[in-house]
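Working notes, beginning with the structure itself.
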Amino acid sequence: MGARAMTRTASTFTFCTVQYESGDWDSAPLVPANVIDSVARYTSVEVNPTGVVVPLASADLLRYPLAYLTGHLPVRFSGSERDMLRSYVMRGGMLFVDDHNHDVDGVFHKSANEELTRALGAPLKALANTHALYSCFFKFPEGPPTTGHELNGWGDNLVHKNLFAHLVGDRIGVLYSSKDYSSEWGYHPDNKRFLSVDNTRFAVNLVVYALTR
Amino acid sequence: MMERALRAVGVVSVAVLVVQAWRGEGARAPMVVVPSRSAVQLLASLPLSSDTLAIATDTTLDARTTAWLAARRDAGAPARWGSARGIAPTAVALEPSLDPGGGVRALVAAPVASTVRLADSAGVIDSAVIRTSGASFAIATPVGAAVAGVSGTSARARAPLVRAPRSVIVLARAGWDAKFIVAALEERGWPVEARIIVRPDTAVVQGAPARFDTARVAVVVALDASAAPQAAAIGAFVRSGGGLVLGAEASGNAAFAELRAGANGVRQAPLAIAVSAASPRRALPLVPIDQLVAGAVALERRDDLVAVAARRVGAGRVLQVGFEDSWRWRMTGPDGAREAHRRWWASLVASASPDALSEATQTVRSAVSTWDAPLARMVADLGAPDPQATIPTSSGEPAGTSAWWWGVLALTALLGEWASRRLRGAP
Amino acid sequence: MSALERLARVQRELTAAVITGSVLWGASTAVALLAVVAVADRALTLPLELRSATPWLAALAAVVAATWRVRRAGPFANPRAVALWVERTEPALRYALVTRVDPAGAASADALERAIARVAFEEPARRAAWRPLLRPAAALAAGVVVLFALPAGAVARIARPAAGDIIKARRGAGDALAHVAVTVTPPAYSGIAPTTIDDASRVSALVGSAVRVVGAAVGEPVAAHADSVRVQLAEAGLKWTADVTMPVAPSVVHFVQGTHERLLLLEPRADSAPTVSLTAPARDSVLKVATGTLRLAASARDDIGLDHGAFEVVISSGEGENFRFRTLTIARAALGNARTATLGGAIRLDTLKLEPGDLLHVRAIALDRNTVGGPGLGSSETRAIRIARAGEYDSVDVDAAPPPEERKGVISERMLILLAEKLEKQRAQLAREAFVGQARVIARDQNTLRKQVGNIIFSRLSGDPVDEKEGDDDPKRANMTPEQLLAAANAATEAAGAEPLDFAGGESPVVNINRPLLEAYNAMWEAGRELGVADVKRALPHMYVALAAIQKARSAERVYLRGRPKDAVVDIARVRLSGKSDIIGPSSRLPRGNLDAAAIARLARFDVALGILGTRPAAATDSLLLLRAELLGAAPTLAAPLGDALDQLRAGKDATEALIAARRTLAGVSAHAAPLGAWGRAP
């Protein structure tokens, strides 16, 4: 195995899906491949062809400084999950949480916000649509791109203007979305050919932001 | 028989006392016992005369005192000095860590196997047993002067002033290592300029990372081959006094062949699975540095392999780092790993940084310098120590103690002889 | 009366005199000590500890003095000794009494009795016995006079010392901030008794505690500020008082009287939320059928007291995109302000009407009685109980498919509405040409969407496959007006066009789906026409109607068939950099803040305070106090050693060790030694 190949195993970007004890953490199984495909499609970032699933309470999570968490059901973190999340964020990790219900009155939204507030010690705050997240690769001058589910009026029948975040200094530690990117990006990457505009471009911004900020 | 023996002892003791008194009288010179470092007041009270002044001290005289004595000697009042216990050849120098995080390094030279005790006005800072020629102490800003004490000898120095650090340029591809190295340097206070490549025609840029100017930039950190197109400009920057930290992948690139401290060896897997607080870098993969170029110095080894090496190129310095994926140290290490990773990277950059002593330092007038070597200074100002000009305190006895003992012995012997005679009825 | 009987009477009187004398000596000693301490306290304001010990010291001194007097009085219990003492007081007895007491003199008892009878020794003996009592009585009286002469309260400060009495109510000039007493009354819900601290420089108490600072109202008026906000002071009697409430964040109250200053650091202690642990059910599980009873048990603990606890159950039903939730609170129990409590309960599963696939999320919660910041809520970990589906182990292998026709384009009706709304808002800022141009772009997209909807309707109604090309290219419908299309649709569904477009009972699903789409088609046609003439305002209502109709249609047909898709492995090499890069651009990164800057600045402040500690201790202590106030908020772990050092300084003790420890903590990195390296620099 050459030096370059070994480097890939250690330092290469690996998409990480967070498994938590409560809820349906695996409700968007196609998102990882789709995001990985987009990262490879648009950037030269070294990326592993498959993602990993890591329990939130596991120290292995610290090996993946960008992680993705989604679900429909109530989120209740255990004590060790809470501790790990806090440590993960403070050390420099970034957790992207997406409400698969796309419903601000839904239990995922309420329980996840409650748990994140408890773990981080402060409620999430709206992220300005001028934040570097929206311009670090693709340009999204209007802020977070709308999803088909928002436009279709499903869930809470709202088009959410902002994402929410917990900032550590000026860095995003936790990014929370009510826009249901999990549904938006939940298709096999080969089907991108059916789209006139690739709707996973924002995922590339997430990865580039996490890798450079 | 016993009476004769006692008489003999008494006579011999008295004879010794007489000889001691005669010899002492013959060698007598004005002797001043200096009990403390600063004795200007005491010495100034002595009359100027052509008699040689004998200074007996078991402590190191401060610079003012030795300067006063040197001036006195030049004015025609010579002095010689001595120390019964001996003054340990000791030197202490304080230098800034060249790191925005502040801190000072105290470099102490002292005899092998001696114990150095470093203190400041706030109390004892640390101590160490000298293994080779000395020790270095990394400390926060000392309160007042730092004092290195070695078996009664103390060297005193103050922390130097430094000017604000110049920038660090980081050149790398987008990846966790680049992200966390930039973060570590910024969190430590280094002004960082960066170019992080995300695709061949696109980069995330901070500052002006293409302007390699020693007036503005202290160090360039080239982590990987993405810096190769700038290798020539970086080389010129280093030769004109800049610093360069080469990551393993960058040093393996032919563009940096003239700058690196050695060739890349075969990549080694981590020696430990988990990052430990004691030896965190054992859990990192290592591209060892082989075939060090002439003048290169190995700064860190892992087992027999060189992990970090440095060399001078022109007026600048190059530091080659063989460790990879140091971000794992910060993310997966034990509590405090984030700070440790930050300090380590900051120290690497500081180590390659050009000197940062400010001009203001040159004009500062202070009774205490940034370095002190008491024995060397005393020899330079007063000459070599004179064995005669000593307080006989080698065994911890006060002056005149041996004469007192001889006197007691004589008296005891003579009394014993007298008592023996009276007991047996003799006159 | 015989001589012996007369001697016995004298002996009794002598005993009484000795005991009385010793008591007087003891009392006068104690009173004298109390008086001396009271006078000294008047002049020097003695610390509470010394004043508290004074009554005990006085009692001890009294006992010692009394005992000494008794021992010094001699063996007055022995008749012979008493007889000797009487002989000394009345020499006229000529030892007759001593001889009479001695058994050897029994032989001449009568003669002795006669001799003794001639002498009246009782009165001289009485005088001799009681005379020594005059001095202790006088001393006692003097002590009592001194104590009574002291101002009101001075004796009480010695006899019944208490925290807070350091403040002496008096008039005149002086430093009103020299001494202050701080009384902390915790919030009522805590049930903690108030405490008073003399000369406190920092007070740690529960958030919301009432903090009353009292000082002597002497000299100029006192002013106080807490974090730049003026604190109201009141004068009561000869004292001033300032009342503040313990804030949520550390705060410093700054008292000023002329040139006198004093700082009081308020260190809030938060009321922790209860800690709850769910013991039953012990783990997540799957039930085949939703019957039986699920036992619930939990334990809760709080630092102050628990108010009530309960079990919270969330039942989720459904799957895919369609979930329903119910939340129940059961087994609510009042916990009576106990610090620890156990919760118990049970769920009868058959009463919950659970369906296969439903999930129960169970957790225990407990609330404390915090009335200041609101009840603290503690919750346990959550257990999930799932009701198994009948065909749980069946699986359907569904290959991932392209998005359905309705979702094919990103530009949907809602997106067009958003664009139109945005354009309408920008009308005033845009030039007419630009406005018309953008409106026409939206009109074009609206028409495209209308044609797509038309295709869907036509294909569903006619059964013909959907044409992938633009609808107007289809010869079948190229010349159809909307009315004709609607008529064709109605004909196909055999429904009357005049019927309301709603989900009428008895209609087939196909009709239910297509009627809203037809309405949407019509509304889009109108919207497109208005947008074409740049009348965005009039177009928007039609667009809203179209959107509502599309939603209605999609709700009617929302059917999901889900299976676990196969893992996708991306062929990185194949797709690498194959994406369009039209809107990719370089970005700039903003530098991250220096995390160590604050720590360095704090260390510098500490060193400055340390530097002036020898010359201006009060200023140095105040600086350290302010530093601690900052640390309590920013880095609480660093504040603790500084607090120790401050306590030592305030108590006038040697704080060197505490200051060294504080400095080492602030420096963050302990010093470490290493051999001298070849490079002469770190690492």
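Should a chain be cited, it is by its letter among A, B and C, assigned in written order, with residues numbered from 1 in that chain.
As a convention for this text, contacts are C-beta pairs under 8 Å (C-beta built on N, C-alpha and C of every residue); 3 or more make two chains touch, one makes a residue touch a chain.
All of these numbers come straight from a predicted model, not from anything done at the bench.
*Asks:* Work through the pairs of chains, note which ones touch, and then classify the graph as line, ring, star, complete or other.
*Replies:* Contact map by chain: complete.
*Asks:* A-B versus B-C: which interface comes out with more C-beta contact pairs?
*Replies:* Most contacts of the two pairs: B-C.
*Asks:* From the Cα centroids, identify the chain that ends up most central relative to all protein Cα atoms.
*Replies:* C
*Asks:* Between subunit A and subunit C, what's the gap in Å when you average each chain's C-alpha atoms?
*Replies:* The separation of the two C-alpha centroids amounts to 33 Å.
*Asks:* What's the distance between the Cα centroids of subunit A and subunit B, rounded to whole Å?
*Replies:* Each chain reduced to its C-alpha mean, subunit A and subunit B end up 51 Å apart.
*Asks:* Determine the centre-to-centre distance between subunit B and subunit C, using the mean Cα coordinates as centres, and give it in whole Å.
*Replies:* 48
*Asks:* Find every residue in subunit A that makes contact with two or more other chains and list them.
*Replies:* Within subunit A, the residues that touch at least two other chains are 42-44, 136-137, 212-213.
*Asks:* Which residues belonging to subunit C are in contact with no fewer than two other chains?
*Replies:* Residues 577, 581, 584-585, 587, 589-590, 592-593, 595 of subunit C each touch two or more of the other chains.
*Asks:* Among all residues of subunit B, which ones touch two or more of the remaining chains?
*Replies:* In subunit B, residues 183, 196, 199-200, 202, 204 touch at least two other chains, as defined above.
*Asks:* Residues of subunit C touching subunit A in their complex?
*Replies:* Touch list, subunit C to subunit A: 284, 314, 316, 321, 323, 325, 359, 361, 363, 379, 381-382, 384, 400-403, 407-410, 412-415, 418, 547, 550-551, 554, 564-565, 567-572, 575-581, 583-585, 587, 589-590, 592-593, 595.
*Asks:* In the complex, go through subunit B and note every residue touching subunit C.
*Replies:* 97-98, 100-103, 105, 107, 109, 116, 118, 121-128, 131-141, 143, 182-183, 186-189, 191-192, 194, 196, 199-207, 297-300, 308, 310, 339, 342-344, 347-348, 350-351
*Asks:* Could you pull out which subunit A residues touch subunit C in their complex?
*Replies:* Interface residues on the subunit A side: 21-23, 29-30, 33-34, 36-38, 40-44, 47, 49-50, 72-74, 76, 78-79, 101, 106-107, 111, 132, 135-139, 146, 148, 150-154, 159, 169-171, 183, 187-189, 191, 194-199, 201, 212-213.
*Asks:* If we count contacts the way the header does, which residues on subunit B are in touch with subunit A in the complex?
*Replies:* 173-180, 183, 196-200, 202, 204, 249, 252, 267, 269, 285, 287, 324-325, 327-328, 330-332, 337-338
*Asks:* Residue numbers of subunit A touching subunit B in their complex, please.
*Replies:* Within the complex, subunit A touches subunit B at residues 3, 6-7, 10-13, 42-46, 59, 62-63, 65, 90-93, 136-137, 208, 210-213.
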